[in-house]
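Here come two complexes built around subunit A, the first alongside subunit B, the second alongside subunit C.
Coming up: the complex of A and B.
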């Protein structure tokens, strides 16, 4: 009985407490830089698309909301011809970002993307692709990868040794 | 003509008040839970009531095909009618009331509160739904047992005032409010009153967390709205009774009688909302045990001690 009365009294005292509500549209809450929100596709420091259309993000996605189609440039660079994310399905788990070997796909601290029509939540490549580098300023996949592309041959990548010549006898 | 104006005046004020109480309750709950509650529509969210009304009016008024049509439609009407009619007997000020009932006002109100249980039972039964039925069963047992002390706890007041007439009961409190000599009766009556209108923490017939919405699970649109408003009318009714029977009704210094009555009733309404914010719902057997093993002996004890003292003096 005493505990009941005490509860009532304590709750009554809340009359004089500060409210914890953040009145959202007028005052915005702080979002951490690593907040998992709207997804973007970034470019490398040279301004080329980072995505190499490896499909890893589409495979990693637990709700299968990423659709993409591989295309190939002259010289052997891959790129996504189409890249579509259905945000009405996305659960913002960040697995795509984890899976991506090129830091192309990134989640950003933005969640204000509500729509009246579901179809407007399907973002195409031109909606996703940004002109900057996102969270990883200096990184360029082709500069560290062994693949030969125009302007960079085998063995010319950072930290890469010259290719091994199998016809040589020396070890 | 004057009588008619009073009837419709009180009716209108009451229904509007009950609708406004939805807003008051949400704001007060917000206050006690360190948040805001509805504060967007209109000044301080006041128009939320209107918005809710519009929304509820435009919902589909669905009578389930598996239900018993007559009972289903009748149920919300009963709770609203019986609780509103009960107000006829409550003297708001010396000259504002509808019908003093020739000295049996208290009995009339108790009878009407008892009638309102039919709405819960009918609603639950006619819905033909398991949740509703369980809710209705609980409602019957809860109301039947709590009605006993609802009446018994008031007998002390009746004994002291020597009358069932609410005006005389108020008049008898001119010297000392009955809450002091009848404190036990007050506590028992308040508990039983909350149970009788199945308000939290005694809302077992509804019990959202276990029974979805209990007896009104199947109700939609304005029928649900009427249940909802009916519940608030019940709160106002029990608060008004508490104010009249134990806190001297319209009596009070300086301020006009109407204001005193409203203040006292409003304080009780706020207190009921505070109870909702603070207390968890008891288990069903706890509720029954609490009623029969604690409240009933208390009410009887109160009655006998009052009677003994009155006989001795």
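Coming up: the complex of A and C.
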């Protein structure tokens, strides 16, 4: 009898507690900027794709859910012709982001991607590519790396001398 | 043997080996760049520093370069010494000061020797604050891409290209930190071994251009052990594929054949298997048909028809055997051109019955005197030409041995030797790209080549057929060559089917046998044109003429052609006459050609990329090639198609074949000469630790996303009933049999240099011995020689020229022509004439002529070949314009226009 009354009393007291239930989806939960959610591909500050199709995200992925194919633009810029993430397999571990040498692949604070049909969880490049820089503003891989691309010649990357002419006779 | 102490433990190593070689052979991880097992040491990179101590009491020691220091008995050295470690780490740091920050966009990344060595030494952080030197890249042709900024100046490329492969158009320019490796100007690399730069370069300066177009990392590509199908030498290759597409072909080390290097035709010729025009489904009169209705139709055809079969020298033994079983041995024809059929049979006879054994390429490399009769090796068997180029150094090695310079001390040996070369004599129709290492080159018509050979044989032995009407010049020359061959310890005679002359092959055999009779360890190297020419010859069967005869006589009305273009094998008119009389023509093939275009029923066959089988190379070695991807829907191996056809006819012995091993076993049982082929590689039941050998590396990525656009469920990997390999990453890849290694990889060794870990000693045999089985053993060492009618001296005729077959590395071979990078470099058809003869006709280079050859009339531009003998000419064989011409032959030449149009 005592325990019964005590339980009812405790329940009554809860009327005066702060509510923990969030009125989702009307109210969104707070997600930290470093939350590991839906994966996106970002662009560099010049608006070009950051991904250079180096395959490091794919090889880092413990569930092998990233598949891409490298392409090359006229002038030598590498880019992913095809980039697919099978989110029905993704475990949002963030290894891909960690492996990415160009800050292209990023995990975002978004988890709202449930589907009735698993096929819709296969994201192709057009589903992944956003038009901003994401979490890392300012970085552009090609400005640092030695590979020449249109608009950035040999010798114009970070810490580079102008191209040497091997036929020059001066020492 | 020498006993050396490495970090306190004692090991036995070969005395005189350099320490780097010894340490790597013992399994130590010692970083290096400039040293290469096939090219020796130059001490350019300073990376392999170790510490050597005077005695066990000496604790100070001194740093030496392991690659430049010979192992001596009682030597104490340390790899682990802190000073040696620090030295190696700082060398890497220096090398990396100019390295661009571009591994993610470098095709070498993931299989980069520089990456491996950097990790091995522990250098992680760039301290150098100054600027990096840069270069502009060059266009080097369709095979090799250059990114010069990545260079660490190890000099391997130039040492391979110039010193090892004899290239002239590649060099090192400028000085100190600005050294530049490339051509003097943009342009296509001329040497036929340029593709090896991609493997020789320890970093990403020279990379495989076709791979770059359809790029995948090493860890992402399934590999399979395969055999090159573009000539008769049987070089071992690794085929890499991903997502159902072939990505590249790599050298697969075989100590006795290709060693570390491949030719460009072999390396870049694989594209035919993925070309858009390839047959991918059954065709009936050129229209796609389903498998079921095609077989239904064939059932009616086969029930009533009188069938004969034509095999192929570029199909596996198993496929040829299946055809032989389907049609019956007496109705099976080899599908070799008439002259090739005679020559292949002759070569088998020579190798089986004579005392001189066939030379492996390793033996050819060790030969100290060589006579080449009638074979343009850089075009017909390029890897053999590279071996002979090394053979030319044997005399130099003897000099170095006398001066007690170790052979691996490359620069010192070259300095001591200067221009001294072993005697190599080359007698061919036209100039060859091997002439620069030859002591004597003779440009003769094929009959004269044979006469020279017979004269040499006679001069060696005093016995054998005498050359009639031999001029004093010929006799004197024969004496010189005979003397050089007799003085050698390991003389080699090279000939083959290239000149299409029986007398030349007989002459070569006579020379080798005469040398054997004189007690020399003479070897013979007979070049055959295609990957299974010799295997087909060993199998035996009727000639193509017999097949045409049978059709003509009405004894056959249906022809089954296995992976063969008859237009390559006989004159167009003869082929067409035969095909016109047929009621049914069934062709099995993967690559389109003129015979396939006339087929009533075409069955899409697997190429080397999807099929398995056994091939016999020019030394009679049976080797197995394994598929790298499962055959797509309608494609299946030729032997499976032929089995299905046999099932339609209700032939129980053939119908029971379920997997390749059944066919191989049946073939070995039916033909005693091929009995060894079952041992060529482990069968399908072979297991390592109870599991199959994985084709995919353990980090093969994208498994659950690759097919997600078609099915969200991960499909089961395809079964492979025919081989001990699996189409997945599951299984065990340790202690593999040498003939079934799908890729070379070892912990900390991601680059191609990982092959070190698979060898008994670095640069030696693979663990488990040389892959393949030699089927031909030399006969008893009795006296034997051919006594043929020796050709009369060649005399030019008025208004007519003796047109001989010439060969082009890119173009003469059927399959590689269809590969996109090679298609950019195809030979163009032209009539080669000596300039004096052309001048007499008033023809300039490029002028148009009409050539009347048998029943054919060709219009071709003239190209002037100063080396050709007067009264002779040459046509590049195997081009669409010259297919099936019965060369050599007399032809009339008439000027159409005297200047280039």
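One rule holds in what follows: the second predicted complex is superposed on the first by the 138 of 171 C-alpha atoms of A that agree within 3 Å, B and C clash if a C-alpha of one lies under 4 Å from a C-alpha of the other, contacts with A are read in each partner's own complex, and residues count from 1 in each chain.
Definition applied: contacts are C-beta pairs under 8 Å (C-beta built on N, C-alpha and C of every residue); 3 or more make two chains touch, one makes a residue touch a chain.
The model shown is predicted, which means the values in this text are computed figures rather than measured ones.
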| item | value |
| --- | --- |
| First (subunit B), second (subunit C), both or neither touched by A:52 | second |
| Partner chain(s) touched by A:15 [first = subunit B, second = subunit C, both, neither] | first |
| First, second, both or neither for A:23, with subunit B first and subunit C second | first |
| Which of subunit B and subunit C A:4 touches, first, second, both or neither | first |
| Partner chain in contact with A:119 - subunit B first, subunit C second, else both or neither | second |
| Touching partner for A:137 - first (subunit B), second (subunit C), both, neither | neither |
| Contact breadth on subunit A, by residue count: subunit C or subunit B | C |
| Overlap of the subunit B and subunit C footprints on subunit A, listed as residue numbers | none |
| Contacting residues of subunit A [partner subunit B, same complex] | 4, 7-8, 10-12, 14-15, 17-21, 23 |
| Residue ranges of subunit A touching subunit C (in the complex, touch as defined) | 52-56, 58-59, 61, 63-70, 72, 78, 84-86, 88-89, 101-102, 118-119, 121-122, 124, 141, 144-147, 154-155, 157-164, 166-168, 171 |
| Subunit C - residues contacting subunit A, complex | 100-105, 109-110, 130-137, 147, 149-150, 173-176, 178, 180, 182, 212-217, 219-220, 243, 699-706, 708-709, 712 |
| Subunit A-facing residues of subunit B, complex | 30-36, 274-275, 277-279 |
